[in-house]
Structures are given as C-alpha cells and as structure tokens.
Amino acid sequence: MERLPTFSKGGVHPDDKKALSNNQAIQRLPVPSELVLPLSQHLGAPASPLKQKGDMVVAGEKIGKASSFISADVHCPVNGTITDLRKVVLANSVVTDAFVITPDASNPLGEWPEQPYDALSPEELLAIVKDMGVVGTGGATFPTHVKLSVPKGRTVDALVVNGVECEPYLTADHRLMLEETERVLRGIMIVAKITGPKRIIIGVENNKKDAIAMLRQEIARLGFPITVMALRVKYPQGDEKQLLKATIKREIPSGKLPLDVGAVVLNVGTSFAIYEAVAMRKPLIDRVVTISGEAMKEKKNLRVLLGSKVADLIAFAGGLDHEPDKFISGGPMMGFAFHDDQIPVIKGTSGILALDKEPSAKAPTTPCISCGRCVAACPMGLQPTKLYRLIEHRDYERAMAMNLMDCKECGCCSYSCPAHLPLVHGMKLGKRLGRK
Amino acid sequence: MNILFAFLIIAVLGLALGLGLAFAAKKFAVEKDERAEQILAILPGANCGACGYPGCSGYAGALSGGKAQNGLCSPGGAKTSALVAKILGIADEGAGERMVAFVHCRGNHELTKRDFQYEGIEECSAAHMLFQGESSCKYGCLHLGSCMRVCPTNAIHRDEKGNVTVDPEACIGCKKCTLVCPTKVIRMLPARGSHAIACNSRDPGPVVRKICQVGCIACKICEKKFPDSGCTVINFLSEIDYAKPMTQIADAAAACPTKCIVEAKQ
Amino acid sequence: MRQMARVGITLALIASIAATSLAVVNAVTAPKIAAYEQQVIENALKQVSGGFELGESTTDTGDEAIGIIHRLTGDDQKTTGYILQMTGTGYGGSMTVMASYKTDGSVIDARLLANAETPGLGKKAEVPAYMDKFKDTGADSPVPVKKNMLQKDDADSIGGATVTFSGVARAIAHGSDYVKTLGGK
Amino acid sequence: MDVPKTIVSSSPHLHARSSTASIMWDVSIALAPAALWGVYVFGLRALAVLLVSIASSVLVEYLLNRFSKESTLADGSAFLTGLLIGMNMPPDAAFAVPVIASAFAMFVVKWTFGGLGANWINPALAGRVFVFFSFTGLMNTYRLPRTLGSVDALGSASMLTEMKLAIGEGTVEQLSSAGILASLDYPFTSFAGSVSSWFQEVLGITLSPYTVDAFFGNISGCIGEVSAFLLLAGAAYLFIRKVITWQIPVTFLATFSLLAWIFGGVRNGLGLFQGDFVLQLFSGGMILGAFFMATDMVTSPTTSKGMLIFGAGIGFFAFLLRYFGSLPESVSLAIIVMNIFVPTIDRYILPKRFGEVIVEPKKKEAKA
Amino acid sequence: MAYIAIFITYIFINNFILSQFLGLCPFIGVSKNSESAIGMGMAVTFVMGIASIITWVVYNLVLLPLGLAYLQTLSFILVIAGLVQFVEMIIQKNSPALYQALGIFLPLITTNCAVLGIAIMNITEGYNIMESFSAGIAAGIGFTLALVLMSNIRERLDLHPVRKAFRGVPIAFISGGLMALAFMAFDKSLLTNLLG
Amino acid sequence: MATERMQVLTKGFFKENPVFIIMLGLCPTLGVTTQVVNGIGMGLSVIFVLVFSNIFIAMLKNIIPNSVRIPAYIVIIAAFVTIVEMVMHAYAPSIYQALGIFLPLIVVNCIILGRAEAFANKNTVLDSFLDGVGMGIGFTLSLTLIAFIREVFGAGTITLVPIGGFDGVIEIPLLYTYPVRVLTLAAGALLLMGYLKAFFEWNAARKRG
C-alpha cells in the first residue's frame, strides 16, 4: 500500500466520527426570526459599528467597518431592522458588541447574480476580498486580505489549500468540496491570481476519498494547474504548520507566518467565500455549519446566515435526542464548550456539536506519571508535562523560556494523557498569566 | 630538635600565609556593599551553605541586594534574622495603617445561581477564562482557592460550602491574594474596620436578586436610613468609606435585606 | 607595611605555638603508640603460633602477596612451621591476613587483621572462631575456597559475606602453597 | 440552588481510551503468565511469596492512604509494585523479606516523595535492592525448577552466580557459557536437549540446550524472571496496547548484547567477539527488567531521545555489572543507577522544537 | 592502568559523597539548582587537584624527612586555607568572568571535608605525586557528578508534591540515600575484575 | 543571670541541636556512627576540641587581626584535633582505628568553626566554654542516637567499651542474625538522617503551633 504523506512529529488519531454527517447534503437554514451579529467575528480588533438602533438595513450592507489593519468588515446578512446594539458573550468567552437584527418577514434575502471577473487585476481582486469581509473560515478567522497581501520582494512558492478538516465530527468542508467543487476551485484560482504561486496544492485527508476523486475530476475538466494531495489521516493536520510540513515539507519557525517559508495557506471554505465575494460580489454573510454529536437528533450540514442563534440550528435539526454532556462550538479538539443556546453563529463557527460523555473521556484526574505521551504527541516539540508543572507552580517565566508560546492548543497532549490532566487548559492559563 | 623544626616550619607557613593574606587584603581590597559587609559580620560565618547561597558572603550579598529572603540562615537562627532585618530596615515595613485582605462575597453554590458546571484546573484564573466562571454572578468569588495557595501565612480558609474567608489576625497584608484573584473580589481593608460589604456585584438590583440570595441589590437602605453607617451605593453596589465615622454600621447591617453587610472579624 | 608584618607575625606565632605544643604532646604519646602497635602484632603472632616458639622473621619473601615470614620452632629449635603475613582482597579493598602453617602447608590458625570490611558482615571474620573452618586444611584436604566446599553450619556463618570469605580463603590457600615451596627450611 | 447540567471545560473534549489505572492493570496482566509459570515450576511456596508481596504492598498503601487521607488503591500501582517485588524474589524467600521490600518501596520510595508519579527511583527495584543488600544471604538462595527434576537443591546459587563463580575461580579458561555450565554438570531438560540437537541437525545452528531452557523458563532464578518466553509474550501485549514504546527495551537489550558479544568472552579467555549474549539475554531478569521495569514511566525520561540514552545506559551498566561486578543483580542495579540520571537527562535532552531546522540555514544565508 | 583504577575508584566505587560521607554539607546545601551545583563542583575539583599536589609535596618532601608526620593535619589545613584564598584572588584578578562563575563558591571550599579528606587519603594510600593529583581530580569529578545529579533530582522534586514535613533538606537526604543505594552496585571487586 | 548561663549551656541539646537543627558537621555524623562506641568517641573528641578552641578563641579574639581570622582559628582547631588524635591513638587505639579519617577531619567540621565564628569571637571565655560544652553534648547525643539506631537495626549489636570480662558487645537476638544491613552503609545513613531531620522539623513546627 502506498504510504501517504503526513507531518512527521507528534499528532494523535481520535475516532473521526465523520460518518455521522458526511452523507448529509448541505441544506439551507430558513431565515430565523432574529439575528445577533457580533462585531468581533475575526482575529484582531473588533469592527466599529456603522449603524445604530432602529436603522433599516439591506442584505450585504456593510454595518461594521474594519478598525485596523488586522480586522475585518461585517456585513448585514438580511434585509431588516436593527433592533438593538448590545453586549453578547461568544462561545470562546469573548465579550463583544453585537447588532440584533429583525429580518424583514416578506423579503429577507438579497440576490447575488454572477458577474464577470476575469479582467480584474490582482490588486482589484484583493480589494474585493477585503471589502467583502472575508476571513479564514477554518476557525482561526484570520482576515484573508492580510494573508493574501504578499509584501514586495517576497515570492510565493506554493499555494496550499486546506481541505484536511482534521477535527472529528466536522464535515462542512467535506460537503463543500463535494457539492461546490467548481466554485471552490475557481476561488483557488482567484487566490492564485492574487498571489502568483509556482504551484498549487490541495491537501485532503484520505478519509474523504469521494472529495479527492471529485476534486481531481473537476480539475481535469477545468484544466486548472492544481494538484490534489491525499494525506494520511492524523490530527492536527489541518493546522497550517502541520499542513505545510505534510505537503511541501517545510517547517514554519516559531512566531513566523507561512509567507516566511514562501507559502500561502487557505481553507477550502475560505476559497469558496472568495469565489462568492469576487464572482457574485457577495460578502461573507453565511457559511456551512455541521450539526452533529450523539445527542443531536438529526445530523446535518447547514448553510447558515451569520448571526443565527444556535437554538435555531438545533431546532431545525429536530432538536436534541437527549440531554447532552457538553455543547461545543467548533470541533471537539479545539472548539469551545458553551452553555447558552442563544449564542450566534459567526464567521469561524464550523460546527455545533452536542456531545455525550464518553466513558473514557472524563475519568478523574490522577497524578502525572511522566509517561511522556504528551511529549510524543505534541506536534510542536514541546514538553507539555513540564510546562504544566511549571504553570501549576506559577513559574510562568520558566514556562515561557521553554517555548510555551509555541503551543497552539491543538489538544493532542490532553487527548493522550492517561492521567486526564487538563494540559491545554494549563497552557492557556500559562500563556495568559505569563504574558503579563 | 624535633620541636624546633616543628616550630620553624609551621612558623614559616603561618608567616607566609599571614603576610600573603594581609598583602592581598590590601591589594585586592574590593569595594563592597557596606550593608553586605555588616550582614556578613552578623552571619555566623560557618559557610555551611544551608541557606542555598554559596557561603555566608553570597547570602549577605543577596540579602543586601534584596534578592534573598531573610531568615534562611539556620546556624544563626532567629537572632540573626532579627539583626539582619534591622540592617535592611525591613522591620519598618508594615508601618502605617495595618491593612488586611477581605473577600467581598458570601455567595456559594447554595446561594448563588450557576450557569454551568465548570470542569478543569482548580485555579480561579483558569475557571475565569471560561465565561468568567460558572457562577451566574461574574463579580464574585470563584471558590477555587487560588488565594489560599498563595497565602504565605495560611490565613485564608474555605469552609465546606465553599465560602472563602481571611483570618484578619493571621493576615500580614502582603496582597498576594489580591493579585491572584481574577475577579478582584479580594481587596484590602483597614484592620480596624468592624464591618465590610460582602458583595462585589455591579449588576443592577433585579439581576442580582434573580441570581444570588446574599448579593447587594442596591436598595440603598443602608445609605438612606443610616447616614452614619459610612455606606454609599455607587454603581449598584454599597461601599463603606472607612474614613467616615461608622456609628450606625451595625444597625445598617441588621437592616440589610440580603445581609450582605457583615462583620469583618468573624 | 607594619600592619602587614603584624598580621603575618601574629598568625605565624599562633601557628608555631600550636605546632610546638603538638610536638610536646607527640613526644609523650609517640612511644606509647609505637609500643601499642608492636603489641598488636605480637599478640596476633602469639595467638596463631599454636604453642610454638617464634623464630626469626624476614620481609624478603619473593612474593608480592606475602609481606613477612616468621619462622616457628619447636622445643628442639627445628623449624616446625611458619607464620605468614599476607594481603588479600575483600569487599572493602585489601585486608591483612595472618596465618600459621605447619611445614607441610596445613593451617594451624589464622587471623584477619587490618581490613575495611562491612561491619556486621565481612567484619565478622575478625572473630577468632571464624578461622576454625580453615584449621588443618591445606595438606591432606584442600583449603576451602568456595562456599560449597564447607559444612552447612560453616556456610551459614558466612551468610552474604562471600567476597570476604573468598578473599581470606584465597590468601590462606596461597600461603599454604607458598609454605610447601619452602620445604621446611 | 439546583446544579446545572451542562458542563463547560477547556478543549479538547475528546480523550483517548486509557488511564493511569488501565496502564497499571495492563502491565499486571502482561506479567501474569510469567508469574504463573514461576508458581508452576517453583511450587506453592512461590505463590505464597507472590501473595505476601502483593498483600503487603497493598496493605502499606492502604495504611498510608488512611494516614494522609487519600485514596489511591484503585490506580493499581500498589498492586503492580507488589507483584513486581514478588516476581523479583527467590522462590524460597523468607516472608519477611518481601514484606520489608514492599514497605520500603511504598513508604520510603513512593509515599515520602508524594505518591504516584513523584518518586524518581523505581519503587519495586529500590525495595528489592534494599532487601538484597540488607539480607544478601536470604536473597541469594535459589532453587532449581521442578522441570529440571531435582527438588532438593535448596540453597543452590542461580545459574549466573554459578557461572560467575566458575569464571572467578579461573578454572574454566576458554570455555563458552554453555561449556562452563556443562563442565559444572548443570542440568537441562530433555526437551531442551532435543530442541538443541534439532537445531544442530536440521538447521546447522549451534544452540546450547541451556539457552533453550533459559528461554522457556527451566532455569533457577527469581519467581517471575525465569520464563523469557512468557515475559516476551506479555511485552507483546503491552506493545499492542501501546503501554510501552520500543525505545528503552530495544536500546537496552541492543547495547547489552553488543557489549556482551564483543567483550563477553574476554574474562573466560575466549578473546573479543566471542561472548554468548543470547543465553545472557534470557537469564537473570534481563527480559523482565527491559520490558517491565526499565519502562516504568515515572522513572524513565519523557522524551524519545532521552529514552534512547536511558536504555543505552542501562545496557552498559547491566553489562558492566553482570560481567565484572560481584553481584548477580546487574539488571536491577543498572536500572536504578540510570534512574538517578533521569532528571538530568530530562533537563538537558529536549525534543526537537517544530520549525527549528529552518531557522539555522536561513540565518547562515543571511550572514553570507 | 593505575590511573584508570584511581578514576573508577573515586568516581564510582568510593564516591566521596555517596559512600565516604565527605562533603555532605555542600551536597545538601548547594544542590538546590544545577547551575550552582556545576559551579561548585568545578571549583571543588580544581582545588582538590591542586591541593593534592601541594599537600603531597609538603608531606613527602618536608614533614616526612624531618619526622614531623604528626603536623600533617595542621599543615594541610593551613595549606588548603591559603590555597583557596590565593586561588580566589588570582581568579578575581585575572579572569573576572571565571570568578563570576567559580569564585563565589571558593570560600565554601576551605571547610569542605572533601578537600582535606583527599589530601589525607593520598598519604594513607601511599600515592605518588601524579597519582595524588589524579585522585584529587577524580574525587572532585565524583563529587561533581553526585552534586549535579542531585541538583537535577531536587529541581524535579520541587515540582512534585513531596510530603510537607519532608520538603527541603529531609527529602534531599532521602534522595541521597537512594542514590547511595544504587551506587552500591559499584563495589571493589568490579575494579579487580575489570582491570584483571 | 544564672538562667541565661544555663540557656547558653542547654540550647545545644535540643533547641539549637547542631546536627538536627543547625545541620553542621554532617560528614562525621554519618561517617562514624556505625557503632555506638564510635559515636560516643567522636562526640567526646568533638567536645574536647570544641571546648578548648572556643576558650582559646574567646581569649585571643582581640589579638587576632581580622584578615587572618579564619586561618588563625583553623590553626588553633587543628592543633587540638591533632592532640586528640595522638592521645586517642595512644590510649584508645580501637576507637582511633574506627574513627579513621574522620578524626583529622574534625578540623573542617563546620560545627567547630561555626561556633568559633558565631559565638566564641563575640562572647566571654566562660560563655564560650559553656557554649562549647552544650553544643558538644548536643552533638554527642545526636551521634549516639543515630549510632544506636544504625547499630541496633543494621548490625544487631550494641557496641560499648569493653570492661573486664564484658567484651563490650551486646547482641540482640533476632536482629543479630538478620540485620537490616543497609543501615550500616552509606545509603542507610542518609535515609535515616532524612527521616530524623523530618521528624525534628515536624516536631519543631508542632511546638511553634
């Protein structure tokens, strides 16, 4: 059997649970009765509000403006009225301002016809991407226009598209690659025009064989210079550092970006959003969200307007089968547990999961026995056990000296810890307190 | 004869060493921190290394440089540490009004509503990272006892219900607990203060009433009915001004509908 | 300069007074110490001599492991045996073994003298009775150098101190062989 | 007030199916066949020793639990320590010996340091070495297994000690290990004899019957260490369950074998490259040590590079002590000697940080 | 061969700390972190090497010919005290960097029994001058080894929940005891067997 | 005044016990305590040296220049140590043998130099004498305790001075046959010291409340 490429150091193999939802075609969630649209849906500074309470808005209208270089615009998903501007708590515990919008009952949605874009220059394309508020949809929500701005003198060797979707349960990108193959590919070609890479690679984990086949077939049909690389299934391959290691065998040094090793990394969801932004001038106002988890009655992949409340999504999926142990926004490895079903879907929400307590998942914590599994699992070459101990003893300085900031909280260490120590929680705490 | 040799040889050795050292003491006289010298004179000079520093001079240097804790010298004992403190002037610390730490919250899992169950590190700041803690009140005590663990005198205790209190007698006012508390529910009070407000919530009264039985609901009874209690309600929370005369504070405490004015010395 | 001289001379003075007093004490104790050490050796010699008279001794043995030979004589001044002072290797390094032999190489008695064996273990070999198991071996029967060449009781008395035992035993066996080469001279 | 149902915790929300207790019980299960073989060949007395060891370990842990108000019995570590101590006892050990070893292991080595995970030296081995040096006589009496026929050979030394003594005598110049054993009239089973001759006749490979016996467990020694075959089977189980990794046992055995092959024949006058390391591998607790005790997670390095150094160090010391030391306990001693080095290894041997390779050449380029 | 024997003896078999009880005060006192342990170890090794040579000369060329062997202790300690101070001054003068690294440990060494211990041992063992020097260095290396290993163990223990009554010095002793237990693996016969 | 003098004398017994509290003079403490008699012998030697060096240093404290203070003290100490050594060699040779290298090493025993620096050079001759006696007794008591435990459990004997027909060795039935031998060795000494120190610290903490 052919040995598929993957990244070399660390990683874990959680049960992917994708079969729960990967044959569910993407459905549209009906327009909910109320949308809550936070101004901070991305990494970086929150957008500043352009409207106020009582204003009428139309679908696609810019209602929040990027407030600095690393920031993104926010657009209104529907025609309707702004009924409130208030503080909300997002799933990741961030507190931010949000518009509460009541959609126009008769005609809530806008129309986005396709427009020609071949004549546009790379600069114009980039400007459109920025104007449409596109951010990375993989979860990190880094503003895409920043990522695509190649500084002068830098050349892009490889454009690597992330179709890995390594988080268990999530199937949103998978469905997108299957159902919107052509648009995803065209989105990639737009990015290629902006950044001018020497080669283009789509990395897809081998548990999505149908998507790989579909991509290859469409690429051949459209004649695009894109290679589809099937990757060995291993978490966290979807992280850009691991993905670059797996596809182009390069390691991004600590604190650097993909551009520093001559690469641009982009999610398939993002490239789809870029296609819509460029070809339809449609801002990022909806996204595909996976509804899954054992406690969910029906598992679905939904195209959801941003600002829809989690409660609406769950209701559309037939509600809960039984009381879940945890609600999670995002994937189970890096996603956030939340308790309030009134939180909204934002640009980075890739899934809403209702998980059952697995018998092994929550055994009581026991003392660390220095087994070294976390060290073996850490894809960044850190020593989570030692860092955790140092953080426990409030020695943040030494933890920092041991490269605590390299930790990206992928969860491999906690996942593999037989003592069930909350290692990632410790890393987050250490980073927060150590920075002070 | 033998005795003479013995005398001579050791005399020569001694003389050489004595001259050498005397010479060296002059020649290599290095300017030294005077306080370090003074401390060195006090330290026993056993150079036993028990303090963890390389010899008495190392410890003296660290002490005068403010890098070492006083009282590590086991041969010298308490006497030495007292003298060292005198030289360093650390005994003067704590002069002025004695302040003690106080936990401005009496809520617990029985009296205060919770949004969810927290699972994770037994550390307040860790819990605070997730929706600012499990309690519906985001201003109160998280009950995970980080303050207890940083307290150098074990002055902070937690009862079986989760209520955390500071023993004002044992508190030395180091403020370590106030620094580690993510909700800043521990603040310093003058040790003479008889009462304190056991609530930290800035939520409006109706909100507090819904989530906590012992929170300040900003009813202003203390402020209005007992003007000499020292209490003022600011931002939905009653606060005591300890500079004011607090003659009516006990009455105000009795009248408080949620009993969140409590005696500071339990 | 004067200060320096004062410092030097004070130290020199203290040191030399100390040295002088030591010299005085030494003058008193040194003979006593020498006498004591002589006594130790003589006692040991007497103990192992098996009732024979001590004859002359020599350090010219021609064997590295054998330090001193004392000749043993009977009533008729004829050589009846030898006492050998030997070095063996034990658990704690080298040990001094003194053993007496008849001219045929059989062991009369032996003692373990200077050693650094473990107290409670190898050190037990200092007890005179320890050497009983070697007595009369060396001529007709071999000197027991292995634990399994011993009676059960003797083997048990050795317990865990195998290294000490074999060190002593090998020294004694070596002495026995050496005595045989002397041929009663 | 009512307790809310929903749980909020930090990511990740999934967890691999293993726990400290499952690891401990897995190791205990893996040890069981070899322990049972020991009981079979040495009789009920060996079973009694095993039970006393386990019972005393668990009891001491229980008492310490009571004292320090903890409950750690369920994690299985006390049971495992007791089992390992028992398996490292000679079959006729006086019952007080495993009791003292267990008490030392559980109290001094583990409890004092703060319980499971805090000790830096292997408790079972430290306990064993403690009683070995304390009661050398009691610990040094072995018995031939029933498969070798003679039951009355109480008090005989282990095979390794016999060989060591013979070499020390200098009476066995230029004989291989098997040759020495043959010259001592050391017994072997008829089964081993036929396997040996089958190898000779059919495969043309010289395989001494002693090696065969050592492999299958017809050899004198401690209760649990005799059957290399069953221990290897247990180790295979641990590999499949991913409880242990290859680094420590492989480097340990490889280093030992290499050194034993090169220098092992020197002392009996065979010269270099003549050591019979195969027989050595299967005797004297080598397999038990390599797969079950050197791999003890608490007292071995956490990084894979560190594990390689640790394993190689044990191999070196095991070789040194077995061939040149006076004690037959080479494996136990080698492991606890290397335990001392573990904190130092863990401090200086760090895993390769992600992205490190790229930085170096880039800097050089920039300078050039 | 004799030198190899000396090194093996003083590093493993007769390790000053773990089997001879010499230099225990710094072993407990200066083993809290590994940087100090390394510095202390190097300083001790250096002084032990030099002191071995000088005391050998004093004893064999001065005291012995004059029949003053009983002045051994007195003269040795004078020599060592002088030497330590002298070394301290030279290093301070000529290499401030080295002084920063080593110098601060020097005052501790005068009263370290390991130094006087090796000087006396050299005499009782009857070593020649080179052997004395090797023994000094070897014993110093053995001392350093034990100290550094101990410091790393203690750094590890600092991050573990050692029982309250045992924290600090007691657990250091107990760890030292367990180290000594393991070092019992190295016995005299190991040396004899190795070197024939 | 009298009680203060008593304090100077008795503080070394327990409150400022040189071995368990101040932790000075560890090497001989562990090195020689394999037999009770050695512990006592060592203790007596230390008392002798400590008392005389304390007296002499207290006497000479105004004469000795500061820059050669330590060497001068060491010389005085070394002289008394050598005297003890010679006297013991002459009159108690077996203990002399047993104490071995630790006898000359009294010179560098931190307890003596420590007391010289910490006490004798600041106090009167009488106080220094009392301090020396007190500390010495404390040291001897500690040594005897450690030696007693190590010998009884580690060798199964109690070795005292032979008098008349009594050879000085008491054998303890079961332990003599099966001693916990490690206790007599380095490992056991360090372990025992750890537990004793922990006990004393726990005890001190308990008294402080």
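By letter and in written order, the chains are A, B, C, D, E and F; residue numbering begins at 1 in each of them.
What we mean here is this: contacts are C-beta pairs under 8 Å (C-beta built on N, C-alpha and C of every residue); 3 or more make two chains touch, one makes a residue touch a chain.
These numbers come from a predicted model, not from an experiment.
Q: By the touch criterion stated at the start, how many steps lie between chain E and chain F on the shortest route?
A: 1
Q: Moving step by step between touching chains, how few steps can get you from chain B to chain D?
A: 1
Q: Relative to chain B, which chain has the most distant C-alpha mean position?
A: Checked the centroid distances; the maximum from chain B is C.
Q: Could you please state the distance in Å, as a whole number, between where the Cα atoms of chain B are centred and where those of chain C are centred?
A: Here the centre of chain C sits 68 Å away from the centre of chain B.
Q: Taking each chain's centre as the mean of its CA atoms, how far is chain A from chain F in angstrom?
A: Their C-alpha centroids are separated by 71 Å.
Q: For chain D and chain F, what's the span in angstrom between their mean Cα positions?
A: Centres of chain D and chain F (C-alpha means) sit 43 Å apart.
Q: Rounded to a whole Å, what is the gap between the Cα centroids of chain C and chain F?
A: 31
Q: Got the chain B residues that touch at least 2 other chains?
A: In chain B, the residues touching two or more other chains are 2, 6, 9-10, 13-14, 16-18, 21-22, 46-48, 50, 115-116, 119-120, 126, 129-131.
Q: For chain C, jot down the residues that touch at least 2 other chains.
A: 7, 10-11, 14-15, 18-19, 22-23, 26, 30, 91, 121, 160, 163
Q: Specify, in ascending order, the residues of chain A that touch 2 or more different other chains.
A: 337-339, 362, 367, 386, 422, 425, 428
Q: Going by the contact rule at the top, pick out the chain A residues touching chain E in the complex.
A: 367, 386, 389-390, 392-393
Q: Enumerate the contact residues on chain B facing chain D in the complex.
A: Where chain B meets chain D, its residues are 109-120, 126, 129-131, 134.
Q: Could you list, by residue number, the parts of chain D that touch chain E in their complex?
A: 68, 108-109, 111-115, 117-118, 120-121, 126, 129-130, 133, 168, 267, 317, 320-321, 323-327, 329-330, 333-334, 336-337, 339-341, 343-344, 346-347
Q: Which positions of chain F touch chain D when the two form their complex?
A: Contacts found on chain F: 178-183, 185, 187, 191.
Q: Quick one: in the complex, what on chain B touches chain F?
A: Residues 14, 17-18, 21-22, 25, 44-48, 50, 74-77.
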